[in-house]
Each structure stands twice: as C-alpha cells, then as structure tokens.
C-alpha cells in the first residue's frame, strides 16, 4: 500500500466503542473524525506525490478486547488496505496490536497508551502522541512549592495499575527533588467501589497535598469519599478524572478546587501566534474550531476531552509527516515523523528515536465555581489557582 | 468367618439416635432381610454399612477388612453393591452403559476395560430381559425397568453382598414373585450374591429371606429365622399388626 | 490509633455490608426458586443506579423515594424477561418452543424482514439508527417465535442455558443504556449532613441506605416465613410438584419470584448510589456481580436473608482486614484485603460446604 | 462402539481444524481472524473437557489461562539472555503447564469438594483471590505486569520473534485445540469417560458403584487446566508479548467459554468448534459492519439460539443423525 | 362427582393415555388398579391438570374443567397425594401441614383439620417442629397424606399411599380411608398396588392396562374374575 492512487489516504483504527474503554474510545473516534473533517474540508487535503489526497477513516469496534484488536487490525491492513493505523485505547491494547503492525511494517499511532515501557520494546513503527506517564505531576508540585512553601506532606493514593503507577513514580521522584515528604503511599485495586479503609488510613497521616486517582470512576469515588470522611487537604489532584467535564457534573460542589493534570483541556490557549513566538510550526484548527468539529462528528452536544485531542493531534502529525516525506511509504513517513516538531491546538508534538512523545507538556486544571480553569503553568493560565482548596462541606 | 460384621454400631442425628448399638453378622451366601416400623433406622443402618454415613460408634468389618471409615467406593471394590429406594440409574447413559459402569468400577473393576465391560453388560441385559432397551437412555424407562437396570448394574459389580433398599415397593404381587425368583436364581446359580434387604412387603420378605432382623427405635429387636421372627409377638405388636394374621393364615 | 482505625473500618464495613447484602438478595431469591444464576445481576443494579440518578437530577426526587419506583421498574423488567426468555428454559410445564422446523423459522425470518422494512420507512420519522432497527427486528422475530410457536415442550432445558440467557439480558441492558446515556460515568449529590463518631464519619445518606437495606431484609424475612404468599414461594423452592398439588400456582410463583428478585436488585441499585453516588455508568455492574456471587454463597445461596447476613460478613471482612493487613510490611494492603476475603470464602466453604446459613440437606 | 470405530468422531474434528487452518494460510489477510477463531475453539474445547464431562462449571477457569500466560512471560523475561534460542519457548510451555497444574491441584483440593453452584462460585473466588494476591503481594511485578516483547527479540532475534508472535503462536493455539479434542475423545471412550458420565448424572450413586469420584474429577480438572495454561502461553503470552493481571484474570473469558460450549452443545466433541466459529464469526462480522452496536445485536441472537436450541447446535445434529450411518462420527 | 371421558394425554411425543372413561360417585371409594406403567399416575396427573390433556373431557361436579390449571382445580377441592412423597423437606412438619391448607376454602377449618391429622398420625404431632426431610420414609408418607387432608378435599386422589409403610400402618391407612369416607363423607379415588387391600376398601373398581380401561365393576365382580386377576393384577 504505497500510493495514494485514487486520491485517498486511508487511516484504519480498531477502536474501543464498547467494553471498559468505550468512553475514551468514543472520544478518540470523534477526535479523529473532527480533524479529518478539518484536513479534508478546511485545509483541502494532503499534498503528496504531486497531487491532493483526502483522508478516509475506517474504524471497527474491538470491544476493548485484545483478541479482537489483532484480527481487526490485520483486516484493516490487508483487506481494507489502509495506509496508516491507529492503536486502540490503553497501553495493554496498544501492545496487543503492536506485533501485527510491526509485522506489516505499518505506522501505528499510539494515542492512548501512556506506558513508557511500550517504547523500551524495540518497536519500530509505534509513534506516541499522548505524553509519558512520568511527567504528569511535575507542574502540580512546582505550583504548590511556589505558592505555599510550608506545605510539606504529600499523600499518594492511586489505582494499582501500570499507568497510575508510572504516574505516581514520576510524582514521587519529583516530590523528592522539590523537598516534599511522602507521608502516605498506597494503591487500591483498579475497579474499587469503596475506598473508606484506605482513606481512614490516609486521614491519619494528615497530608497537605493529596495526589491520586487512576481512572475516571475511582477518581470520582476518591473525591467523594474524602469529602464523606471529612479529610481536608490543601490541594487535591486527581489524574484522568478531575479534568473531564463530567467530573464536575457528577460531584457538584464537592469538585470545587479539585485539580488534575491534563494533556489538553478545553480552554488551553495554544494558538498559531503563540507557536510563531516560539518559532514552532503550527497546524490544525484552533480550539474553538476543533470543539465545533468534534460536536458535529459525534452528533451530540459533547465537549471533547483529552482523549479526543490526542487522537486528533496524532492525525495532524501524520498529515505533516506525509507531506514532508512526500510519500506514503511507512518507512519514509516514520522517518519524517521522527524529525517532526510542531504545535497544534493540542500543544507541542515531538518524539524521540523510540517513538515516545517528549514534546508535549501538561497543564494543570482546577475546578472553580463549576468551571475548569487552567491554573498552571503560569504561561497557559486562564485563571489564578485557588489555594488552599476550600474545605469540603 | 462372617462376610459382614457390625459391632455396637450407633448413629445419631443431632439429639436423636437413629441407630442404637446394633450388632449383627451376615454369612456368605445368606439371604437376610431387615424389617421394622417406619423410622426404626433401617435405611440409616443400610447407609452405615454402605459408607454413605460413618457411624458415631462401633465397627464394621467386611470380607475380613475393617471398613468402618472406608468411603463407599472402596467398599464397592471389596464387593458391596446396592440399589436405592428410589431407583437412580444414570439417566442419559444407555441401559448397556449403565450396567457396564457397574462392571467397570465394581468389585470386578480394575480388570475390565470398556469393551469387556460392555460384553459383561450384555450378559446381564439378557438376564433381566431388557434386550429391547439395550441402547435406550435409562432415563426414559418405566420405573420398574429402572429398578431392573439398577439391580443389573449392582449385580454387574460382582458383589459378594448385595444391599437392596425397598426394591419391591410399588410392584404388584406378580412382579414381586418374579423378582423373588430372579434373586434366588442369582444367588443359587450365579453364586455371587448375598442379599440383605430392607422391605415392608411381607410377601417379598417371606418369599426371599432366610433370616430376618427386626429393628425398633434404632435398636435390634429380634434376629431369627424368618418364620420365628415374623411370629414373634413383639414383632407383631410393633410392626405387623393385623397383617400378621393374614400372613400366618397363608403360610 | 490502630484500634481507632480498626473500629472505624468495622463500622464502615458493617454499613457497607448491609448494602452489599441487599444487593445480593435478589440473586439468591432467583437462584433459590428457579435455580437460575443471574449472570446479568450487575446490569440490573446499574438500572437502579440510573433510576436514582435520573429521578434526582431531572425531577429532584430524593433517592429514598426512588425506591418504590425502582422496585416497580425492576418487577416490570423481571416479568418481561421472565416470560420472554427465562420461562421457556425453566418452566416444568414448558412454554418453550415446541419444535422448530423450517416453516417456523421461515415465518420468523419473514417477520424480521417485514419489521426491517417498516423500520427503514419509519427511521426517517423516528430518527432510529440502523443498528437499533435491527435490534428491534430481532426481538420481534424472537417474540413471534416464542409466542406463536411457544408450545408444550416437557423436558427441561439444561440449567446452564439459563446462564447464557441472563448474561445476554445483562448485555442488552448495558448496551441500551449506553446508547441512551453514553458510557460517561455520572454522579449526583444528595447531602443530608454527617454523623461524626470520632473515630469515623458517617454521612446520613449512608446510614439511610443501610437502614433501608435492613428494613427490606426484615420485611422479606417476615414475608417469607409469616405470610401465606411467602410460604407458597418457599414451597415452590422445596418441591414444585408438592406445591402444585397444594394448589399453588407454580408458574406464577416462578414469574413472581423472578420479577421480585429483579425488583430487589434494581432497588438495591438505588441504595448503592445512596452509599456511593458516583461512578454511575452502563458498565458499573460487573464488580457487583462478582461480589454478589460470593456473598450469596457465603449466605447459603438459596436464602435471601442469608444473603443479607453474608453481605454483612463480607463487608466486615473486606473493610476490617485492611487495618490488619496495612500493619504488615510490604505489599499492597488494599489488594490483599480482596485476597483475604476470598481466602475466607474458601475457608468458610470448607467448613460449611453449603454456606453459613444453610443446613445440609 | 467396539474396535477401531470408536475413535472415528475425531475425523470431522480434525477435518474442521484442517480446513480452518488451510483457509487461514490460503486467504490473504485472514490469518489473524483464523487465529482468533482458533482461540475461541481451543478455549471451548479445553473448557468443555471439564465442564462438558463433569457438569461442573468452573467460573474461575480463566485463572488457568492467566497463570499459563505468566509461565511463558516469566520464562521469556528471565531467561532471554541465556542463549536458549527456540528452546526458551519449550521451557515456557513447560512452565505454563506446570503453573496451571499446580494451581489446579490446589484449587481442586478445596473446590472439588463442593457441588453445583457452590463450586462455580468458589472458583470465582479462586480467580479473583489469585489475581489480588499477585497484585497485592507484588508477585511477578504485581499490577505493573510483564512486557517482554524486547526479551523475546533478544532471545530469538527480531525477525523470528515477530514470526513467533504473528504466526507460530497461532499454530500452537491450533495445537492446543486439537490436543484438547483428542484428549476429550480419549477420555470419553475410556473408563474416565464413563466414570465422569456417572458422576455427572448422580454423584452419590456413582460412589456406590465403586467410582472414586474425586480422583476422576481431579483428572479432568487438571487436564483441562493444563490445556488452558498452554492456551494462555501461546494465544496470549507469545502472541501479545505482554501480561497485565486485570487483563488475564478477566472473568469475561470464562463467560465466553461457557457461551461457546453451550452454543455448540456441552459435552460434545464438535460443539466447541461449532460454538467457537459461530461466536467468533458473528462478533467479527458485527464489529465490522456495525461497530459500537455489535453487542446490542449479538445478545438477543444468543438468547434466541439458546431458547430455540437448548442442547446446542451439535446437540441438535446428534439428534438428526441418530440412526443414520453418520452417527458414529458425531458425538 | 368426577367424570372423565375419552381422555388422552402423554409426555412429549409419547402417548400414555388412550382414552379411558371413568366416573367417581360422591361419598365412595373408587379404586384404580393395573400393572406398573399402565398410566394410572398419568391419569391422576392429567385429571389434576399437571399433565396437559390432549383430547377428551374432564367434568368435576358437573362443570367442564378439562383445561383448568392445577391451582384452580385445587381451589375446587380436587386434591392429590402424589406418589414419591414430594413434601417440603426444609420446612417443618407443621409448616408442611399448613401448606396443605393453602387452597382457597381450606383456611377457615385449618385448626380442626390439624386436629384430625394429628389424631390420625400422632407421631406427626410429636415431630411437628422437625424438618420434614429428616423424617424416615414412612413418616414422610404420613406427612404427605396429612397435608392432603389439611386441604379438606372434596375429591381426594391417592397415588399408592401405602408405599413404604410398615404393614401395621398400611392397615391403619386403609382403615383411615374407610373412616374418612364414612365419617366425613370424603370421596376418594385410590390407586394402589396392594390389590387385595384395595379391593377390600373400594366401592367400585377400574382396571387399567396400557392406557385403557380393561375392566370395571364392583370389587366382588373383579374378585370373581380370574382372568382379570391373573392378567392385570397378578394375584
């Protein structure tokens, strides 16, 4: 599959539309479709091998299951003859498809597998857009140190899985560097429904800062039960939960002041101008446009979250790489991706030689009066941090 | 040496003593019946002999081995076969397979492979006259046919002691007589089985048993040759009642 | 400190356990009467959770008042599912499909095609997507088969087959709810204040949830043991032939207990959200199904109030053991509490192979 | 049933697998589909060996696949520098079989004393408990799992590692399926099969017939578990080159196994193949034509099939060929 | 009281009843005899509605009840003592008896009936709080009969009530049957293997074989016919 013969470039995706990752999967599909719309209709396609080609998106539902990933991926590659493939959501499923992509020498865009370990396996065609887990809390802790040098005690309470562990390991190292003291460091099983015993234990350590979470459901639960038990930290930061719009809806007042690191957020002000200032290449719709395209794509009044943004940004990376390589040959495109550095609504994009994302930095988001406000880094701020966080009622 | 020997066997359920210090013996080749009023502990005694329950006190010897704590499959290997009060053939297996299972795993077991066991089964099918049903699932048979299959299955185990719990309940007198003849025939001709049975049908008891043990309230009341036992006033009092006259009148 | 935490966790475990127990009673009831293991149990809990959520968020109905609504919804669902899918497999008097030949299947396929065409025409008006029309057409085709050719099959279907049916019913509920509400995790916020015990804090909603569970358990116990209708249902459990000759309408008792079991399960979904009012999503039931299975076995499987008891034991074990396991060096105490409670399950089953409350038969 | 004819039913089984394999080799780009179907068939076949023959449902069955996966993963990730070449895979399979057998013996000793639903649910406890033990005690990296694609490449070279993951692993899955079928038939035709038949029908009566029921249950249980271990080692470990505990101790796979076996017909030899193919093909087809809606369509279809054909498809077939010359091929 | 015309039924594809006609007059004991597998139990189950009639008619007290469901018939006072016990094993003896009075119309006289049952089977009174499953076979049979009496039946159908009972009790059961007939005017349809006892108790006898009625008459007539006794009754 090397030529855009009939002017179409096919992107194949074994998406997760049902099963445990359905939510993230739906977002990713919407994000990809939104950017496709932009590339084909606003940008006018992709210039490759002397002609304009448009993007076509082909996706199946892998049900969030590893067996289906391999067969659907192979079908996309061999029967549908797609030119590029996207990985399903999560590190595990990304890994499940990797051997097939490698076998066929197919570019495999990882937009939802944050594990650093994927890139230690010697895969040649896996390219990451989501940032590695270890960097999530760097900013958060810097923020605390900057605002409140007296806050010392940090508690970590998080889901026992590969992703949350790598995030928390990063946080732990960062905390040590910045002179914090880790007073509590415990995990809970991934699909937990009651955290009370863990939180009673945490309460005893009387922390200033609580960092935790892992997924959306347990993040909600953690917040809720901290409130139930009357634990009042000065800062509460939850990964993969607090940044999503539904978080505030679900928790109402209890979300006030809760923070979370995010790859992207509705409200981040990356712009073409900003990119120019930094001397970076810019591509893609601006944020408002992206949100509008996303809503059109999913046919619902739904705000895109970072799952959508990541997947969309991965499409943009492909567009630039194809044009740069002026070829659809996976090896050429892979090389071009390796050299690529750009900015988009999603922020910076740049990978290292293993394919791992290193050019993207995160923002910290905080719920303030029912709105999500970007409070850190200062450069991206849309509002001042609320610190210490107001007590739970 | 007796084939089966029970010594001071007792079994309690909660506070109630179902079998109370019972001792008795069965000799090889003997036809013996256990009778007694309802709730006297006969079935419980049976289950103790057979290993479905373990006794709280006392000892049981079978074929010279102390089997008191043996699980029932080990007793079967020593040559103990039984039928159930309500027949329990393996419903989805054919008649032939049912009987072959007995041959495969019973006292004869260990030596027979599947093919040989099937052949043995065919012999017993002829014996009980169920040839027409050989390849039918046992679940589809009439109750009486099920009973026959169950007896054949127990016999195919080549038991030295055959235990039958109310095998003739629900049969009409003609069938009972046939069954009595059949079992006597097995004992005499095949020479394998000693039968101990629990029965309430006097026609069967009188026709088959040489000796009768009568139980009452868990304990042994009488253990004598059939005629004497059934004429014992205590037995008439607690068990036979008015039917004793009828029975004695007949023979 | 240690004891303060331990007692805090035990109190929390007790409260949680009572809700767990409530969430298991429906499972036990259905198993006890119909010998059906409801593998889709969690999906019904999910329906209850959504009932509470929707009533509270869009109508402002406090969850405690959602209980009768949930019971009603659950019983209706139970009736529909019983007559539609479960009865053909379990009912001794047989309402299964007598015998499916080519002709019947042909006609059913005709119904399918007709419905598809109708939906195609209607889809412009109703704004249904294609998948949903196929779904409805399949259901109608199936209903056609069951009701038109539903006959007098006497032999019982293999009991295992009901596993597939209940599993699929759960999947259908999950998928339908997903289509309507998306797979977003939701929550609501019903605040009644808290009770501070010193060593732990209990929101009144939790206490209310636990009290509600206890009330339901007691009512169920009384109903089963003291009323004529409850005795009738028990008699069906014991011996359906015997019940029949006593004049009990056995088929109806089956339907009723299935529907009551589902009703209780949906209701428990409401109580669970009072306990944990977040994370409400179409797939939330899976974890509860596993727990309910274990609790049901602890309590003796066929006994609904045994299930309640089992739930309390399980809650105490799960929460109480944390404090002990956290005192051990290394390891992750929370995951180990799960390990510990499952080990306890096995130990209990070794000592009492038929659960805590069930006598050996 | 006498003589040489008694193993005839293996013929259609082997033919079915051979056809499936040939299709995969011949049709371009269908290999992974065929591999997925083979996985479902093998899963059903191995599960059926215990469930179909004893009537006991092991809800925790997936735990054996899980430890098998770990057996392979641990072997490869710790011995990759040993210069063992392809031998490492052999050792991996051995480890998988040993791990799953040991777990089966431990579980069997406890759970096989229980009956009916108590057994089924106790085994769920085993699966969940084992998973949380691995996570909680941080055994084999705990929840971090093992990602060993790199190790496989070190041990076998990049090219070979890729071929193993995308081709040989699937061939091994076929091997497990065939092995399971052969063992099933062998058991069915020998004393084990009759003992299991008896205990499935009436455990107490079986005991009285002289059948050491525990022993025969354990035999079937361990065989079935060891096959599951091998299946995990090939279909999951070698193929996907990573293992996360929540992924391999996921109870959903047990449910899938039950669906496959029942769709095909429990206790039959061909059933798991029929069930696996129907299950796999319908899911694949629906995932492609109606992505996101496939379960909504699939679930009512399952209900319809099971209500209309409660004995499963091969169960129906058995009834149809009864009394014809084909009878001796179908069980 | 009960009239059955040309009744046909069976299980699945297998037909068992091939059109027997029988009649039961009020206040009598009607006995149904026949070899094993003749279809006697099937006839009772079909009358009760637990086995679906294929053809024919069933009239109870003049009304056509052919397709009425079992519980409706029970409400009319059509009560059965089934073969094979079928009592509620986990319930106490007392609860079992209470269940007997479940049908409409039996509730009011519950206490009186209980007295009657306890006087017939004193052992049940002793064991009233015991679980029925732990009783001996014969004691369970007593519970089953007692339970049926608790329903205050208009027509009592007894399927082999003496099975598994000690000879002394068998006699008592037959005495009870006669007593019930005489004292409370109960109508009874009796199926028994114990032909001689059954003939003694009956007012009228049907002999059934392979699903059809081969002979009928008063006990004396049947007693007198050697062919019938030889061929169908085995005495």
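The first chain written gets the first letter, and so on, giving A, B, C, D and E; residue counts start at 1 in each chain.
The rule is simple: a contact is a pair of C-beta atoms (placed from the backbone, for glycine too) under 8 Å apart; a residue touches a chain by one contact, two chains touch by 3 or more.
Quantities reported herein were computed from a predicted structural model and do not represent experimental measurements.
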item	value
Co-neighbours of chain E and chain A - touch as defined	C
Minimum number of chain-to-chain contact steps, chain B to chain E	1
Centre-most chain, if every chain is reduced to its averaged C-alpha atoms	C
Pair of chains joined by the greatest number of C-beta pairs in contact	C-D
Farthest-lying chain, centroid of Cα atoms versus that of chain C	B
Interchain centroid distance [CA atoms averaged], chain A/chain D, Å	36
Length of the line joining the C-alpha centres of chain B and chain D, rounded to whole Å	44
Cα-centroid distance, chain C relative to chain E, in whole angstrom	41
Centre-of-Cα separation between chain D and chain C, whole angstrom	29
For chain C, residues that touch 2 or more chains besides their own	175, 332-335, 338
Contacts with 2+ other chains: residues of chain A	18, 26, 160, 187, 189, 191
Sites on chain D at which at least two other chains make contact	132, 135, 142-143, 292, 295
Listing of all chain pairs that touch each other, if any do	A-C, A-D, B-D, B-E, C-D, C-E
Residue numbers on chain A that touch chain D, as the complex places them	15, 17-18, 26, 59-63, 65-68, 70-75, 77-79, 92, 95-96, 98-100, 102-103, 115, 117-118, 120-123, 160-162, 165, 187, 189-191
Parts of chain C lying in touch with chain A, wherever the complex brings them together	1, 5, 8-9, 12-13, 16, 175, 178, 182-189, 191, 194, 196, 200-201, 203, 206, 275-281, 283-284, 286-288, 318-319, 322-323, 326, 332-335, 337-338
Chain D residues within the chain C interface of the complex	57, 59, 110-111, 113-115, 117-118, 120-122, 124-126, 128-130, 132-133, 135-138, 142-143, 251, 255, 258-259, 262-263, 266, 290, 292-293, 295-304, 306-311
Touching residues (chain side chain D, partner chain A) in the complex	28-33, 35-36, 39, 132, 135, 142-145, 147, 149-150, 153, 158, 162, 165-166, 235-236, 239-242, 244, 246-247, 252, 283-284, 287-288, 291-292, 294-295
In the complex with chain C, residue positions of chain A that touch it	18-20, 22-23, 26, 160, 186-189, 191-194, 196-198, 200-201, 204, 216-218, 220-221, 223-225, 228-230, 246, 249-254, 300, 302, 393
